[in-house]
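Questions regarding the structure given below will be posed in turn.
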Amino acid sequence: MSRLIGSTVLRGAVGATGLLVVLEAAGRTGLIDTTFLPLVSTVLARAAELAVDGEFLAHAFASAEAWFWALALTIAVAVPAGLLLGVARPAEVAARPLIEFLRPIPSVALIPLAIMLFQNQLHMRMSVAVYAATWPVLINTIYGVRDVDPLAKETLRSFGFGPGSVVLRVVLPSAAPFIATGVRLAASVAIILVVTAEVVAGGINGIGIFINQAGSGNRVDLMIAATAWVGLFGIAVNALLVAAEKRVFRWHHKRLAGVS
Amino acid sequence: LTACGGADTNTGASTTDNGLEKTSLTVGIIAVPDSAPIQIAIDKGFFKAEGLTVQTSIEAGGATATPKLVAGQLDVMLGNYVSLFSAQEKGVGKFKVVADSYQAAPDNFVLMAKADDATINSAADLAGKKIAVNTLNAIGTLAVTATAKVAGVTIETGQFAPMPLPDMGGALKNGTVDAIWVAEPFISANSQQGAKKIADTMSGPMADFPIAGWVMSDDFVTKNPKTVAAFQRALAKAQQLAASDRKAIEEVLPKYTKIDQATAAVIALGVYSTTLSEARLQRVADTMKEYGYLQQGFDVKSVLHAPAAG
Amino acid sequence: MLELVDLTHRYGTYHAIDRINLTVKQGEVVCVVGPSGCGKSTLLRSIAGLIKPTGGRVLLDGRPVESTPDNLAVVFQDYSRSLYPWLSALANVSLPLRRRGLDRKARDEAAMAALTEVGLGTAAAKFPWEMSGGMQQRVSIARALAYRPKLLLMDEPFGSVDAQTREELEDLVLRVCAHHGMTILLITHDVDESVYVGDRVVVLSKAPGTVTGDLTVDLPGPRDQIRTRELDAFVKLRADVGRMVRGMTNNNHHEVEHR
Amino acid sequence: MLELVDLTHRYGTYHAIDRINLTVKQGEVVCVVGPSGCGKSTLLRSIAGLIKPTGGRVLLDGRPVESTPDNLAVVFQDYSRSLYPWLSALANVSLPLRRRGLDRKARDEAAMAALTEVGLGTAAAKFPWEMSGGMQQRVSIARALAYRPKLLLMDEPFGSVDAQTREELEDLVLRVCAHHGMTILLITHDVDESVYVGDRVVVLSKAPGTVTGDLTVDLPGPRDQIRTRELDAFVKLRADVGRMVRGMTNNNHHEVEHR
Amino acid sequence: MNRKGFAGRLARLWIVPVALVLWELATRVAAQPYFPAPSSIVVRIQELWFSGPLTRVLLTDAAIESFGPSLGRLFAGWVLAGLAGVLLGVAIGRSAKLADYLDPILQFGRAVPPPLLVPIFFALFQIGTPTQLAIIVFGVIWPVLLNTADGCRTVDRQYLETARVFGFSRPDVLRRVVLPAAMPKIFAGLRLSLSLALILMVVSELVGSTSGIGYGLLTAQQNFLFVDVWAYIVLLGVLGFLLNASFLLLESRILAWHQRARRTI
């Protein structure tokens, strides 16, 4: 098992290093204009400096806080809503026009409105992120719920369980792995939106604020280094979520995993 | 209304509590030299001396800072006059300029084009060209339009392409736009990267044009007269310092922007104002009216809240 | 207790069962036999309230069945899909017992007892996907028995186990049901089994299924795998049922018939 | 053609089959019987190359089986999950025939013929979830037969059909296989069936399964459901196999035994 | 479709008038310039885009000018992202090794806000539209990619084993087993990314563009024209609704088996 993890990490490292080497070579040979896109090595050096820069860490922490609460709220809202809409077809049909109307509205357009509605920068960022991150969880939950084996539901119904129990004990566990994929999608959407909201709307602190400041000084290297930390955060979050899924959905992977 | 970011509104810290209605202020600034006086006032303790605790919030621009001011997330903001007047006219909110901050000096804001682009050498060549500005409907578009008009060219609004300042160099290079409107430190940077200056947009009709001032909501000013006065007093000292001592600015620039000390020492700066002049600002309103940025005429007196003494 | 009146079901335009009339008394064990695809499972699902029959009525204790009746347990034909892969065998069996208001310990004990009775005492911790087909089928039988329903519906419940286990399970079901006064409707393909287990055997025709025979199995007292099957009455009944089923399937296929 | 040498498999620490040795000759029909959970399906999956046995070897025509061998067809025990729900019965049967280099029309014809032979000529357009359990099972038998494999592995293939259909299917499989010289390994719980269908009957012990009996069924010529089953030799063989299987399961359960 | 079917479909939209009335009431009570009433928004929409000549279904010049290129990029971006997402998703769903190699890069890319990549795209692409397309593709590929990979990774084992014993060729396994089995999840991803494409279309026009829906929205925002801003928001919502409805129509064709197989009463 630990050897397996080892080889996964190793391969990932090989892949990432490969890309970095290619980019560095492209920069050095002039394939990419380094006046606008700094060398990979430069960015890495800046990123390493940022890691121990207290001011940057404060920015990063503010963003991470908004991200965490946004994701938590998203799950708390979207999963129950998705279960309801997935189970109760009439409810889904009724709500569909509203959902499909709201879904394509860019959060960017809503930022000034969110500013009017929320007094606090944390709440404003959260609201924007929740708005965008809800959809992947909601849609995946609805599709996951629809994919539940009807016989599994009928079994519990035949034992006299009511709809609530069926949802809780059959539909939710069956759909959970696919919902989890939605949550992983939402996790990165929430990161994106928190940072974008900071870039667009400004504020007291947050990675987006740092990026704006770096931009004002034309420090593209710092901008990209900060962006790189955002991406690394994404990798870390995804790895955590995947590890959690592997534990919780052991039955799912065992049962469905490809041929041994 | 509560200030954001967890800054609490206690008065205990202040020693010279002279009955201020609100002692803790959140000020929206922009990471450009225009905001320097706030940082100076904080660093030099001018606000503290007035019993004020000031926290800065770094804004991306007027389009989002203005609603924050209306909603009360910000108590004060650095507003560029063009956006501000336009917002006031459109009924976004009622504002008061409590202090002037910054006015243009030669070569503060220039138009640049690719050095090897022979088709564009001056403002007279701008007809039909795509021009990158940081914000639409603001000082940039107004300055370019006015400058071009003097050169005999009418600029259509559709020629302006909005984009963040750091992206402009790349956009110019790959031909997404034909010209860019930039300030320092981007002027120096782009010069090194093969761009040439084709016009100074702060000359002629735009010479010494007021750029930005410190703005509060009308409501706030009415409700907190003492706080406003205290803020004005502290800021006046800082404006004074900024206007007279370039070193003071060079010192604070790296604190709220990522302009480093070396760059700060060489870049061209505008002029920091020490008075709030109705006549100067009326010029902004009139120019805006001339270019269709304002529908009706606009009497700037209604938006001024001059300091009580001096 | 159970009464089917002119029960009819169509899947879209496909006519699956046609005007089935049947009455099952409290405590009776009724076996249903019939050719493959004749609508046996459809009948069972209608009784369980899982599909809404397109015609006729299902009455339980005189009241029409609108949704799934209380106190019912079903062993589905497709047993492997009716077990929850995220639950161990024990948890699968104990899950329905929540409805019985038992606490966790009591549930697990009852589930363990049922698993032991079907010969899976040592496999209680396994997950369904770690079990063989026959083991899964036995888990679903254990689940139904542990629930102690008043009405037990079983769809081909012993199809995947070896002969010996099958006999033991037959006896187990009869014993448990007699003890708790359950009523059973059991679908099977095995004519022997139907006669051995049933108090009555109902024969369905080929699709659209309808009742073509209803025999009362008049065999003495507690059944015994050896003695009962040796009785002349048993042999005769088996032949009777066999004949009826064959009669129904005679023209069902193209192959050369052997009689 | 098929040779198992000391075949052993453990799922994790669980010992499922233990040193199984078995040789199957070209064209032979070998039936495997054994108690539920003794490792029959595990054995079949090892031969099909679907699991990698933890010990021993599988040789096919003298070559070790590394991955799934060519020219193989399997009827899985869990037939309902081995049909593709997005394909009609006909498409399910004709899909593997792509490998046979047939054009679409030829494929559909062959598939249709196979479906007709299992009595589903009129249900070819149905989707798996529109079919009864027995029908699904027959589709998967039709799929295997239409494919004309050299080696046919069947795991409890007639468990969900009625007695008459079962007999017909047994004969069908024997006929088709004899005609095309297929080799068959058939897992069943039905002792009668194993003797009727098989040239040999292999008996496995309870888990960990190992070969405890290997009987050659020496019955004359083309089998016939009535005549063959009436033969004394048949009755004796059946009793022999029955005894061997029972011997294996005797201590398998807790219930009171009947002998 | 018969009359009853059409009426039934219309009846499904009952929530729309309800929502509109509530919205109208809420905005009137709030009386805020930032939140204009829907009635005034509708009037503005008509002025902006639907006061043109009948011959062009009332579309104004402005509408044609900004919708055409925007929608073109939207579709191109979505189709490209869909294809690339499915291909890549299948590849990493079926090959654990490839997934290992690419995983960090993909997870990295997924978390980076597309607007921040603009300078990189500027450096990589030479002219306007490819940059904008790149932004759209980069932004919308993830739901398709992840859901496809997930769907392909978790195909029922028995389906694959069946394919294997019958000796399906690798392409056949992919095309006839893995893809159909993963199809429901792929469609969930495509549906997510369709409305995401609208969003990314707007985002891509926020930087360096001089026309299009996103540009119009930004102009309205920076001019403090709130009714216009809302007109754009409503336009996007309606477009999204229509796109989604067409998508569901397509889906119900392709996934008919799935919907019927999974139906219970």
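Descriptive notes on the structure:
Every chain is named by a letter (A, B, C, D and E) in the order it is written, and numbering of its residues begins at 1.
The criterion applied here is as follows: a contact is a pair of C-beta atoms (placed from the backbone, for glycine too) under 8 Å apart; a residue touches a chain by one contact, two chains touch by 3 or more.
For each chain, UniProt lists the protein as follows: A, E = Nitrate ABC transporter permease; C, D = ABC transporter.
Keep in mind that this is a model prediction, so the values were computed, not measured.
Each step here moves to a touching chain, and the least such steps from chain B to chain D number 2. Using CA-based centroids throughout, the chain positioned farthest away from chain C is B. No other pair of chains has as many C-beta pairs in contact as A-E. A centroid comparison over C-alpha atoms places B as the chain most distant from chain D. Per-chain CA centroids place chain C at a distance of 26 Å from chain D.
Rounded to whole angstrom, the centroid-to-centroid distance between chain A and chain D, based on C-alpha atoms, equals 49 Å.
Chain centres here are Cα means. That of chain A falls 18 Å from that of chain E. As a whole-number value, the distance joining the C-alpha centres of chain B and chain E reads 38 Å. Each of residues 50, 78, 81 in chain D touches at least two other chains. Counting partners per residue, chain A has 33, 36, 112, 116, 149, 154, 199, 220, 223, 252, 255, 259 as the residues that reach two or more other chains. Shared interface positions of chain E, i.e. residues touching 2 or more other chains, are given as 34, 119, 122-123, 156, 161, 164, 206, 221, 258, 264.
Those residues of chain A that touch chain B in the complex are listed here as 33, 35-36, 111-112, 115-117, 119-121, 124, 199-205, 209, 212-220, 222-223.
On chain B, the positions that touch chain A within their shared complex are 1-2, 4-5, 26, 28, 30-32, 55-61, 63-65, 67-68, 70-73, 164-166, 169-170, 173, 185-186, 189, 192-193, 256-260, 263.
Chain C contributes residues 45, 48-50, 68-74, 76, 78, 81-82, 84-86, 95-96, 98-99, 127, 129, 147, 153 to its touches with chain A in the complex. Note for the complex: chain E touches chain B at residues 33-34, 118-119, 122-123, 125-128, 131, 206-211, 215, 218-219, 221-226. Residues of chain B that touch chain E in their complex: 62-63, 66-67, 83, 86-87, 90-93, 130, 132, 135-138, 157-164, 166-167, 170-171, 173-177.
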